[in-house]
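Each of the two complexes below includes subunit A, the first together with subunit B, the second together with subunit C.
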Partner chain A sequence: MSARHLIAPSARNLMDVWLPPLCLLLAVCILWQLGMSNDIVSGMLLPRPTGVISYGVDNIAMLSAQALFTAWQAAASLLLAAFLGITAGTLIFASSIARDTFYPIILVLQVLPKVAMAPLFVVWLGTGDTARIAFGAFLAFFPVLLATTTGLEQTPQYALRLCRSLLTTPAQTFCFVRVPYALLHIFSGLRIAATLAVTGVVIGEFMTASRGLGYVIIDASNRIDSKALFAALMMLCIVGLVLFGLVVLVQRAFKAWYFGQSNYAGGA
Partner chain B sequence: MSEEHAENAAYISVSHVRKSYGSGNGAIEAVSDVTFSVKQGEFVSILGPSGCGKSTLLMLVAGLEALTFGDITVDRARVEGPRRGTGIMFQDASLLPWKTVLENVMFPVRISGQDWEPYSRRARELLAMVGLAGFEGKRPHELSGGMRQRTAICRALVHDPSVLLMDEPFSALDAITRDEMNVALLDIWQRYHKTALFVTHSIHEAIVLSDRILVMSKRPATVIADIRVPFERPRTMDIIETAEFTALAHQLRGLVEGRAAQRGKAVA
Partner chain C sequence: MTNDAVIRIRRIVLPLLFIAAILAYMEASVRIWHVSPLVLAAPSKIFATLAASLPLFLEHAKQTAVEASVGFVLGALSGVVIAMLMSMWQPLQRALYPNLIAFQLLPKIALAPLFTLWLGVGAPSRIVFTIFLCFFPAMVATMAGMSSAPAYATTLARSLKASRLQTFTLVHVPFAVPFIMSGLKVAATLAMIGIVVGEFVTAQSGLGYLIMFASSSGDSSILFAALFLLCIEGLVLYGVVVIAEGLVQRWYGAPFEATATL
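Take a look at the complex of A and B:
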């Protein structure tokens, strides 16, 4: 219910949803600012909110350029992960050989902290964009794959029984019934993947980049420049939110088709 | 084939049918030695207590479950799987949520790859008959439970099947909607005269709709009485007011509850 409110809010509950957290954020910033004014914590470790904002405004050109760089790589990662994840998820659903071969490996990889494998990507693919995009895609791939396989498997029994009674071919059952039911699952997988794609690219930038927000963060940390660090983090939030928001927009368009436009007119 | 012959021949023939689940000592018998037949154009109800295996029996006739022993033929062909000329209504409407009412009704036509135009005209005609004219473009979630089952009736009839099988299609509806559905089904059946097999645990519903009522025992299901319903067709709901109706309902209740099997035999 709450998830759907975030995805398909009407004008009224847009306020209901976003007002409380925004108020909290504002209150924290004010307290933070007041606290910093009394020099409880060194400004070097924790900058004042106003300091972060003024740094951000002064360096907006640099920060936006770096954010764009990170954003397009994360978007590329997400698209790659979506394509590979949906393809692999479908194969694993459709072929018992593929399932028996890949599923155990995927489960082991699920348990493994995948971040630990980032250096491997640098070794294999060098320090360029390819390694970062590949690592972002690698992180984002698994939720898409699992959502696809689960979604295809969880077609309601009543729909499958209807198909059997109508003597549908396996291909018809798959295209007309399984895929439409699975799409809702796949979109929730893609939402998780959007966040992981950004994570993967930033980790890649920590290690290899001379550009991007991950690089700005590492560089600022080396210089103990907490204002730059916080400004870069804020930009990263925006990048993450935009990518997530794009997935949600596509999901909304899909849901509008799935359930009909009128579902959104009333908002409830 | 002469007209006379067609009327007397068994269109659906069920002989010595058994169905059990599992094997060995753990086997559960759901249907035990059931024999009956349904003539062309006849409306027969299978009446029995909840969970007695009557739905299983219907699924066997539909070819959606494999029988353990015995023989079922429909239109002189042995039932070994689902058959195109059979329309089925399930307990739930089994509508696809992303399809409109018209698209749901047309789903069997789409699956069998027949021409859209003549059937869509028929679909609209059926929808109008059940009072859903103007709802063709709505999605299932915009409909009430009764409207969903009306859509399901139309879907079961759209490809002009010779047999209509119904598995407690109105059991999830409230009493008033249920009466409305019975009227709708009565109208439809009186117009198209499909050979119909209707599973229900409602005595009232069975009398209103049927030419004959087969009363089933508790699990494992077997036919304990075969009772002809004396009311003339076309019928209206007015028959409920008659003393004959009350007497028949009383007799059937006795049979279902296992009190007066002897009396049932005497009447049958």
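Take a look at the complex of A and C:
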């Protein structure tokens, strides 16, 4: 079950790869709907799939406004994290003092439950958008940084030896050899960061916001309105997937721009 | 002194110096620049608070630690078992695995209120939420590990007429162990996050509750003290997994390099 199957679609691959998971999904939904219709589970706890969809359709304006609010904050924190993470990652790669100082600390921070620091951001930055964006960026920053440093370090030896024998300047080696090899890593860091940015913003909204999908989710949970809760969660999934998809698109565009049509290192 | 020794000392001293500088800066901001105690607490004050009401802090810490451990063990176990079932039975893998992978792209932590809705505001909802979070890294790592046995090993097993079960327990599982352990490390981190977010949303006790309570009470030293304890718990849980990894490797005779990174 490799990526090759997903890239080259044919009737057979469609059957092999996409059919089984979709069948299972459909079966679960049908069982769910039937179970609800027979009142096995209370509708308060679990809405019917059709109920969620009709709620979503009825409230599409409200839901998409809230989703947009969450989405732009998540996008802002992702951009911030990407900028800071790539910059800091490059610095840590370039300076051995910075690396010796910060690398151990960052590795320990990776293990700690950083999410628990959310209330600290509220205390420092207030209950507005700034705190949520900063918190999302804080969560998303670390994977970008680590991916950048790791990527820059993993240039193959033969490429570096070639550079040396061609007498390239350090700047040339960095721009034309190290960065292209690092791109694959950096973008995989950014994909992780995209999910974390949404997570950070939503946790921020759980605690402080009066708008956004996180607020809708908490509000629905308090009112035991499972239809609204599920519809908001669906919207959140869409926001998460769109942001993730944007990173993938940027990666493609970047790759095409950086490598032209040639097909060597750093491809995904 | 050799160059190597200098570098080794630098790697220990520099991070400690940086942390000391931050602590000194926190202390100075409060004492000299009179930053409000709402915003920042001096490290000396944090430890004084911690020492003054240690039994209370430990009571909250204990609840969080117990719930996180239970959630971690059950979540990791279910992840490993389901991944092994999927790797043994192809149809299950083809139907289930893509659906589970899709979850990886979602902000799963945002589902916390759903568990409150289903299971109420008590410990069960937090533990089940943690199981849910821990399940995924354990499952994904095990899936990757189960297919990591090199072709020569499976070919050898076949030419020795090993049964399916023997191939599974003697070839696939040992090769999967380093992957599983690195998945468990991710799961250990998520276990702490799951419990704390659960406590943010619902709890009446526990370190997450303490953090939330302190952030609105105007005394940030409680907040920092609770964060400090939480960090220690996170490190301990992670350390336990690292020790377990060492033991498992020794038990298997460590024939396989732990090359798995997730």
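Everything that follows uses one rule, which is that the second predicted complex is superposed on the first by the 231 of 268 C-alpha atoms of A that agree within 3 Å, B and C clash if a C-alpha of one lies under 4 Å from a C-alpha of the other, contacts with A are read in each partner's own complex, and residues count from 1 in each chain.
Keep this in mind: a residue touches a chain if its C-beta (ideal position, glycine included) is under 8 Å from a C-beta of that chain, and two chains touch if they have at least 3 such contacts.
Predicted model only: the values in this text are computed from it and were never measured.
Enquirer: Could you look at A:Met207 and tell me whether it touches subunit B, subunit C, both or neither (first, second, both, neither)?
Expert: A:Met207 contacts subunit C only, not subunit B.
Enquirer: Could you say whether A:Phe176 touches subunit B, subunit C, both of them, or neither, answering first, second, both or neither?
Expert: first
Enquirer: Regarding the shared-chain residue A:Ala134, is it in contact with subunit B (first), subunit C (second), both, or neither?
Expert: neither
Enquirer: Scan A:Leu68 for contacts with subunit B and subunit C and give back first, second, both or neither.
Expert: neither
Enquirer: When the two structures are overlaid on chain A, which partner does A:Leu167 contact: first (subunit B), second (subunit C), both, or neither?
Expert: first
Enquirer: So, does A:Leu125 touch the first partner subunit B, the second partner subunit C, both, or neither?
Expert: neither
Enquirer: Mind working out whether A:Leu79 is in touch with subunit B, subunit C, both or neither, as first, second, both or neither?
Expert: Neither partner.
Enquirer: More residues of subunit A are touched by which partner: subunit B or subunit C?
Expert: C
Enquirer: Do subunit B and subunit C touch any of the same residues on subunit A, and if so, which?
Expert: none
Enquirer: Going by the contact rule set out above, which residues of subunit C touch subunit A in the complex?
Expert: 7, 10-11, 14-15, 17-19, 38-39, 91, 94-99, 105-114, 116-118, 185, 188-189, 192-193, 196-197, 200-201, 207-208, 211-212, 214-215, 220, 223, 227, 230-231, 234-235, 238
Enquirer: In their complex, what parts of subunit A are in touch with subunit B?
Expert: Its residues touching subunit B are 158-159, 161-168, 172, 176-177, 180, 257-260, 262-263.
Enquirer: What residues of subunit B sit close enough to touch subunit A in their complex?
Expert: 62, 64, 81-84, 86, 88, 90, 92, 94, 96-98, 100, 107-108, 110-112, 138-139, 141-142
Enquirer: Under the touch definition given earlier, write down the residues of subunit A that touch subunit C in their complex.
Expert: Those in contact with subunit C are residues 1, 16-17, 20-21, 23-25, 45-46, 97, 100-102, 104-105, 108, 110-120, 122-124, 195, 198-199, 202-203, 206-207, 213-214, 217-218, 220-221, 224, 226, 229, 233, 236-237, 240-241, 244.
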